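The structures considered in this document are given below.
Heads up, the next two complexes both have subunit A, just with different partners, subunit B and then subunit C.
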Partner chain A sequence: MKLHPILAALRRHKAGVVLIGLQIALTLAIVCNAIFIIGQRIQRIQRPTGMDENNLFMISQLWVGAPTGDDQGSTDKLDAMQRTDVQILRNLPDVQSAIAINSLPLINSSWTTGIGMKPAQERETAHAALYFGDEQMIPALGLKLIAGRNFNVGEIQHMGARGHNRPPIVIVTRTLADKLFPKGDALGKTIYVDRDTPSTIIGVVARMQVPSVDSWARDFTYSSVLIPTRLDANFSRYVVRAKTGRLDAAMKESRAALFAANPMRVIDDEDGVKSFSDIRANAYKADRGMAILMGVICVILLAVTGAGIVGLTSFWVGQRHKQIGVRRALGARKVDILRYFQTENLLIAGGGAIAGILLAVGLNLWLMQHYEMDRMPVLYVLAGVAVVLALGQASVFVPARRAANVPPVVATRTV
Partner chain B sequence: MFRYYLDLATRSLRRSPGLTALMILTIAFGVAASMTTWSVFRAVSGDPIPWKSSKLFVPQIDPWGPTARGTDPTDSHYGDPPDALTYNDAVALMRDHRASLQSAMYMISPSVVPSDPGKHPINANGHAVFSEFFPMVDAPFEYGSGWSVADDEHRAQVVVISNKLNRKVFGGGNSIGKAMNIEGRDYRVVGVLKQWNPQPMFYDVANTGGFFINGDDLLLPFNTAIAANMSNNGNTNCNVTPKEPGFVGLQHSSCIWPVYMVQLDSAAAAQRYKEYLQGFARQHHPQWAPNTRLRGLREWLDYEHVVPSDTRVSLLVALGLLLVCLVNTAGLLLAKFLRRSGEIGVRRALGAPRAAIYAQFLTEAGVIGLAGGVLGLFLTWLGVAGIGLVMPRDIASLARVDVSLLFATLFVAVIASVLAALYPTFRASRVQPAWQLKSN
Partner chain C sequence: MLKMTHLSKVYRTEVVETYALRDFNIDVKEGEFVAVMGPSGSGKTTFLTIAGLLESFSGGEYRLDNVDVSGLNDNARSKIRNEKIGFVFQSFNLIPDLNVHDNVEVPLRYRGMKSSEREQRIMQSLERVGLASRARHYPAELSGGQQQRVAIARALAGTPRLLLADEPTGNLDTQMARGVMELLEDIHREGATIVMVTHDPELATRAQRSVHIIDGQAVDIAEDPRFHARTAAAGDRI
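On to the complex of A and B.
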C-alpha cells in the first residue's frame, strides 16, 4: 500500500489529526504512569512479612491502674501479669500458640534504632526495627531460621518498656546481616544496637518485615533485630495462632478469658482483637485504593479515547463517501478500503505514541521529583504504546468496515 | 436571540444522538473524576482554623547538633531541627512565656473507668496541655471552660472532656464538677467541649500525621499528667539512649517527644520570637551554632506533608483525564461543526455576522457542557460515596458533596466544553459562504 495518498488526505484534516494525535499522546502518558503506579502498589501489597500469617491474630490490651514499670519491683509485677495472660491464652482449646511481643509487622507502631559496628559510633551503619520477645517468638510467628540458633529459655530477660539494658545476644534478619556484613559472615559477630551496647549475632532469620509500611521506613523494610527480652509496660500485645479453622472461635475465647482473669483492663471493642488478615488489609488500604483508582481512571481514559477515534473516523468516512465510491468503482477491493483506514489510524496513533513516549517519561521524571516515585522501566512505556496502538486499530475497525461496505455505484450518483 | 440559538442547538444535537451522547458522556466522566478527587484533596488540604492560622506558629530547636542532621541534601527536612522538642526545652520555653499564648503538649492515652461497674474500662485519646491551649486553638465549650494558670502551677486534678466522652461516661448533660476516674485517680471535670475535631488536627500533626479520625476525648493539665507519670503515647525519638530508665529518665533525656505551639499576633511579634528562639538555643545548646525555625501553621502543615502524596497524584491524574476529555470533545465538535458547513454558508450568505456563528456554536457547546455537568454531578456523587471503599477511612470520610462542589461541577463542565469548542467554532466561522453555496 502506498502511503502517499493517505498523507495527502491527512494534510487536509490537520486539526482533526493533531487533536487525535494529542489525545493519544496524553492517553499514553497517563496510562503508562498509572499502570506503573498500579504495578508498584501490587508489588507492595504482595510482599511477604516473613511470618506464617495463617490463623494469626493480635490482642492489644491495657491494664487499668497498673504499676509504672519504671522500677524493678513494678517491672517484675508487670512481667508476672504478662506471663499469666500468655499462659491463659495458651491454655485455650482453640489456641495453638501465644506469645507476648512489643510490635508486629504492618501495625505501624515501632521501635526503631541505629545499629553501629563500634561503640558510640557517630553515624549509624544501618537502621532497624526492634522486636522484643522470648524463645517462642520464632516458632510462634513461623519465622525461618536460616543460620545459627534460636534463643534458649535461660537467655530471656525482661525489662521495663523504657529500660535500656540490652542483652548480649540478638538474632537479625538476612537483609540486616547482609547490610552490616556484606561478606555474609554475620554469625558470631558483634554489633552495637542503639549504638552503645555490644550484642553478638547468634542467628539469622530469612525475613521479618518492620512494623511501619510508611515511606520513612522504606529504606529498611526488612531490617529487624529480635531481642530476647520481654518488655513490661502497662499495656501489652499478644500474638496468638489459632488452630486451623478456629480463628473466630479463638478470637472470641481470648477476649472473654482475659476479662475473666482480670476485668481491670481495656481491650478495645473494634481494634483490641484483630486478625492478621485485617491488619494486612488495613495497612495496605491506601495502596489498594490507589491501584483501584488508577485502574478506574485508565479504563475511562481508554474508553474515551477509543470512542473519540470511532467518532472522528466515522465523520471522515461520511465525508469521503463519494471518494470511496470512486475508488471502489476504479477497482479497489473492500479490503483495500479497510486497509486504508487502518493504515491511516496507525500513522496517526504512531505519531501520537512517539509524542506520548516523551510525555510519559517527562511525567514520570516530574512525579519522581515531587512525589516519592521510582523510575519507570521502559517495559511500561512499550506496553503503553502497544495498548494505544491496539486501541486505535480496534476503534477504527467499525467505521472502516462501514467504509469498505460503500458500494461502487455511489460514484455514479452525484459527480 | 439566545433562545433561538438554544433551539438550534437542541435540534442539532438531536440530529446526531450518538455523537451527542458520546460528548456528554466524555464531559461527564472527565468532570466527575476530577471533582471526586478534588473533593478529597479539598478536604485534606483545607485550613483547619482559617480565622487565625496566620497567628499560630510552631517553634523548632535543634537539641542534637550537626552530626544528627540528615545526610541527604535533597531531603526537604535537610538540616532542619526535629519536629518535636525535648522535655527540658519545652518546659523552659513555657517558663520564659514569650508569646501571647503558648502551650507545650504531649499525646496521652489513659484508661477511663466508667462509674457503672458493669462496664469495661475504656481507652481515651487525649493531650496533656497548658491552660493557654484552649484560647489559642479556639476550642469551643459546651459547658464550663478550660482551667486556670494556677491550676497549671498547682497540678490540679482537673480535666476537659469531649462531648463524646461526656455521653459515654456520664450520659451527656452538664457534667461540670463531676469526678472522672482516669488511670485510677479522680479528676474534676471543668469543661465539656462542643463537637470539635479539627482536620487536620493542627495542634499536633507531628504525632497524628494530621488526620486522626476519633479526635481527642480529653485534655489534662501538662504538669498534672507528668506528676501522675502518664507516659507519652506519641512518638519518642532519641539520638542517644536515656541515661536513666523510666518516664522520669525520658524527661531528663535529650529525646524529643513534647510538641509546641505559640500564638504571635503580629509580624513584629513573630520576628521578636524568632530572635528569642535563637538566643534560647545559644543559651541552652551552646555546643553548636543555634539552629532554630519558627514556621507559621500553614507552612508547618505543608512541611509535615499533611496532604498525602497519593491524594495529590490522584488529583493530577484525574485532571489529566479531564484534559484528554477536553481534547476528545474538541475533536468531535470540530467534526460536527464542519459537517454543517453548508448550513453555516447559508446563514452567512443571508447576512449573519461571524459573531452570530460564534454565539450559535458556543451555545451548542454550552448545552453539551450543561448536560455533561448534570450527568457528571450524579457520577461525582457516586464517586464520593464510593471513594470510602478505596481510600483510607480517615481521609475518605472527610470528602463530601456540598453546594459549592455542586456548582463547581456544573461550572467546570460548562467552561470545559466551551473551551473545547473555541477552536472548532473558530473554524466554523471561517467557512466561506460562496464556496459552500456553489458546491451544494
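On to the complex of A and C.
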C-alpha cells in the first residue's frame, strides 16, 4: 500500500485528522503516566514490611484509671500491668507469641529520630523509626536476623513514654546499617540514637518497614532501630502471633482474656483488635483508590478515543461511499479497501503517537517537578504507543469492513 | 468479446419479482463500437453493470473475452475489472481528494504495477486526451469536459480490452460532448472495443451499430412488432 495517495487525501481533511490525532496524543500522554502511577502504587502496596504478616494481629488498648507514668513508681506499676497482659496473651491456647510494642509498620504512628555517628552531632547521618520491645520482638514479628544476635532477657529495660531514651545496645535494619556503614561493618559499631548516649549495634535484621507510609517517610522506608526497652504508658499496643490457621479464634479470645483479667480498659469494638491484613489494607487504601481511579480514567479515555476513531471513520466511509464504489469498479478488492482505511488510521495514529510521546514525557517532567513523581521509564511510553496504535486498528476495523463491503455497482448510481 | 446468452437479472423482494433483464442476448465482437439505447427503466444501466462485472446476474450465460464469468469470486471479478475493462461514467466519478495524475493512477496501483511503468502510462494517457499539462490539478479545478477526459484517460491507462461508457456526454454541453465523442471515435479507430449506453440517437449514429433494450430485452427495431405498433400509433396521430 503506497502512502502518497492516502496522505494526499488526508491533507484535504485536515480538521478531522488534527482532531483525532490530538485526541490520540492526549490519550497516550495521560494513559502512559496513569499506568506508570498505577504501577508505582501497586509496587508500594505490595512492598514487604519485613515481618511475617500471616497470623499476626494487633491489640490497641487504653487503661482506665491507670497510674500516670510520670514517676518511677507509677511507671513500674504500668510496666507490671503491661507484663501481666503480655503473659495472659502468651498463655492463650491459640497464641504462639505476644509482645508489647510502641508501633508497627503501616499503622502511621511513628517515633522517628535522627541517627548520628558522634555525640551531639549537628546534622543527622540518617533518619530512622524506633521500635521499643523486648527480647521476643524479633521472633514474634517474624523478622529475619541476618547478623549478630538478638537481645537477652537481662538487657531489656523499661521506661515511661515521656522518658529519656538511652539504649546501650540496638539492633538495626540492613538498610540503615548500610547507610551508616557503607563498608558493611556495622556490627559492634557505635551510633547515637540519643544525642549523647552511645549505642552499640549488636544485630542486623534484613528488613523492618517504618510505621508511616506517607511521602515524608519515603527516604527512610526501611531504616529502623529496635530498642530493647518496654515503653510504659496508659496506652499500649500488643502484637500477637496466632498459631497457624487460628487467627480469628486468637483475636476473639485475646479480647475476652484481657477484659477478664482487668475490665478497667477500653478496647475499641472496631479497631481495638485488628489483623495485620486489615492494617495493610487500611494503610494503602488511598493508593488502591488512586490506582483504581487511574485505571478508570485510562479505560474511559481509551473508550472515548476508540469511539472517536469509529465515529470519524464511519463518517468518512459515509462521505466516500461513492468513491469507494468507484475504487471497487476500477479493480480494488475488498481487502484493498480494508487496508486503505487501516493504513489511513495508522498514519493518523502514528502522527498522534509522535505528538503523544512528547506530551507524555512533558507531563512526566511536570509531575516530577510538582508531585514527587519518579521518572517514567521509556518502556511505558513504548507500551502506550503500542496500545494506541492497536486501539486505532481495532476501532477502525468495523467501519473499514463496512467500507470494504460497499458494492462496485455504487459507482453507477447518481445518488 | 462480450457475449450474453439468455441472461436474466431479477430483483426480488418479499412480495414481488422484477425482471430488469429477461432472456437478454447480445454479442459484441472485438473492435466493435456498439451503442446501447432504450427508454428510461428499460434495463440499459443494468446491462452495463452486469457487463462491467459490477453486479451479478440471476440466470443465463455471460462470457467476457471468452471467459465464463458466472462462477468467479469477488477477487477474480475485481481482477478482470481492473485488467480488461475500462469505465467511463456519466458523472465522471473522479476522486475529488486526488489530483488528475493520482486519479489516473488508481487502477494501475491496484494492478501492482511498477512505479516507472505507471508513470509512463499515466503521462501517455493524459497526453492522449490532451491534459498532460493539468496533471497536478484537482478535479474541482477542471471543466466538465476536462473531467470526462481525465476519466477516459483513467480508463485508457490500463489498456483495457473493453471500454464501457455510461452516458459519457450526459453531463456535458454540446461542444464538450462533441469533443468527448471525437475522442471515443479516435480510441475506437485505434482498435478498442467500446460499448456505449446513451439516450441520444444522434450519438448512437456515431457507433458502428445500435442495440435497443426494451423491457429488459435486446431487440432488433426493424423486426420487433411492439416498436412498429408504437411507431404506427404515433404516425396515426400525425
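Just so it is clear, the second predicted complex is superposed on the first by the 413 of 415 C-alpha atoms of A that agree within 3 Å, B and C clash if a C-alpha of one lies under 4 Å from a C-alpha of the other, contacts with A are read in each partner's own complex, and residues count from 1 in each chain.
Note that in this section a contact is a pair of C-beta atoms (placed from the backbone, for glycine too) under 8 Å apart; a residue touches a chain by one contact, two chains touch by 3 or more.
This is a predicted model, so every value here is computed, not measured.
Contacts of A:A286 after superposition on the shared chain: subunit B is touched, whereas subunit C is not. Contacts of A:P119 after superposition: neither subunit B nor subunit C is touched.
Legend: residue contacts after superposition of the two complexes on their common chain; A:P377 is shown touching neither subunit B nor subunit C. In the superposed model, A:L301 lies in contact with subunit B only, and not with subunit C. Counting residues of subunit A touched by each partner, subunit B versus subunit C, the larger count belongs to B. In the superposition on chain A, A:T27 contacts subunit B only, with no contact to subunit C. Of the two partner chains, neither subunit B nor subunit C is touched by A:P168. Once the two complexes are laid over each other on the shared chain, residue contacts for A:G362 go to neither subunit B nor subunit C.
Subunit B meets subunit A in the complex at residues 19, 22, 25-26, 29-30, 33, 37, 67, 71, 109, 111, 113, 120-123, 183-184, 229, 231, 240-242, 245-250, 308-310, 312-314, 317-318, 320-321, 323-325, 327-328, 330-332, 334-336, 339, 389-393, 395, 423, 427.
The touching residues of subunit A, when paired with subunit C in their complex, are 2, 4-5, 8-9, 12-13, 322-323, 326-334, 336, 407-409, 411-412, 414. Against subunit A, the residues of subunit C that register as touching in their complex are 45, 48-49, 52-55, 74-75, 78-79, 81-83, 87, 89-91, 93, 95-99, 102, 105-107, 109-111, 154, 158, 166. Looking at the complex, you find that subunit A touches subunit B at residues 15-16, 19-20, 22-23, 26-27, 29-30, 33-34, 37, 62, 64-65, 68-71, 122-123, 160, 162-164, 194-196, 259, 263-268, 285-286, 288-290, 292-294, 296-297, 300-301, 303-305, 307-308, 311-312, 315-316, 318-319, 367, 371-373.
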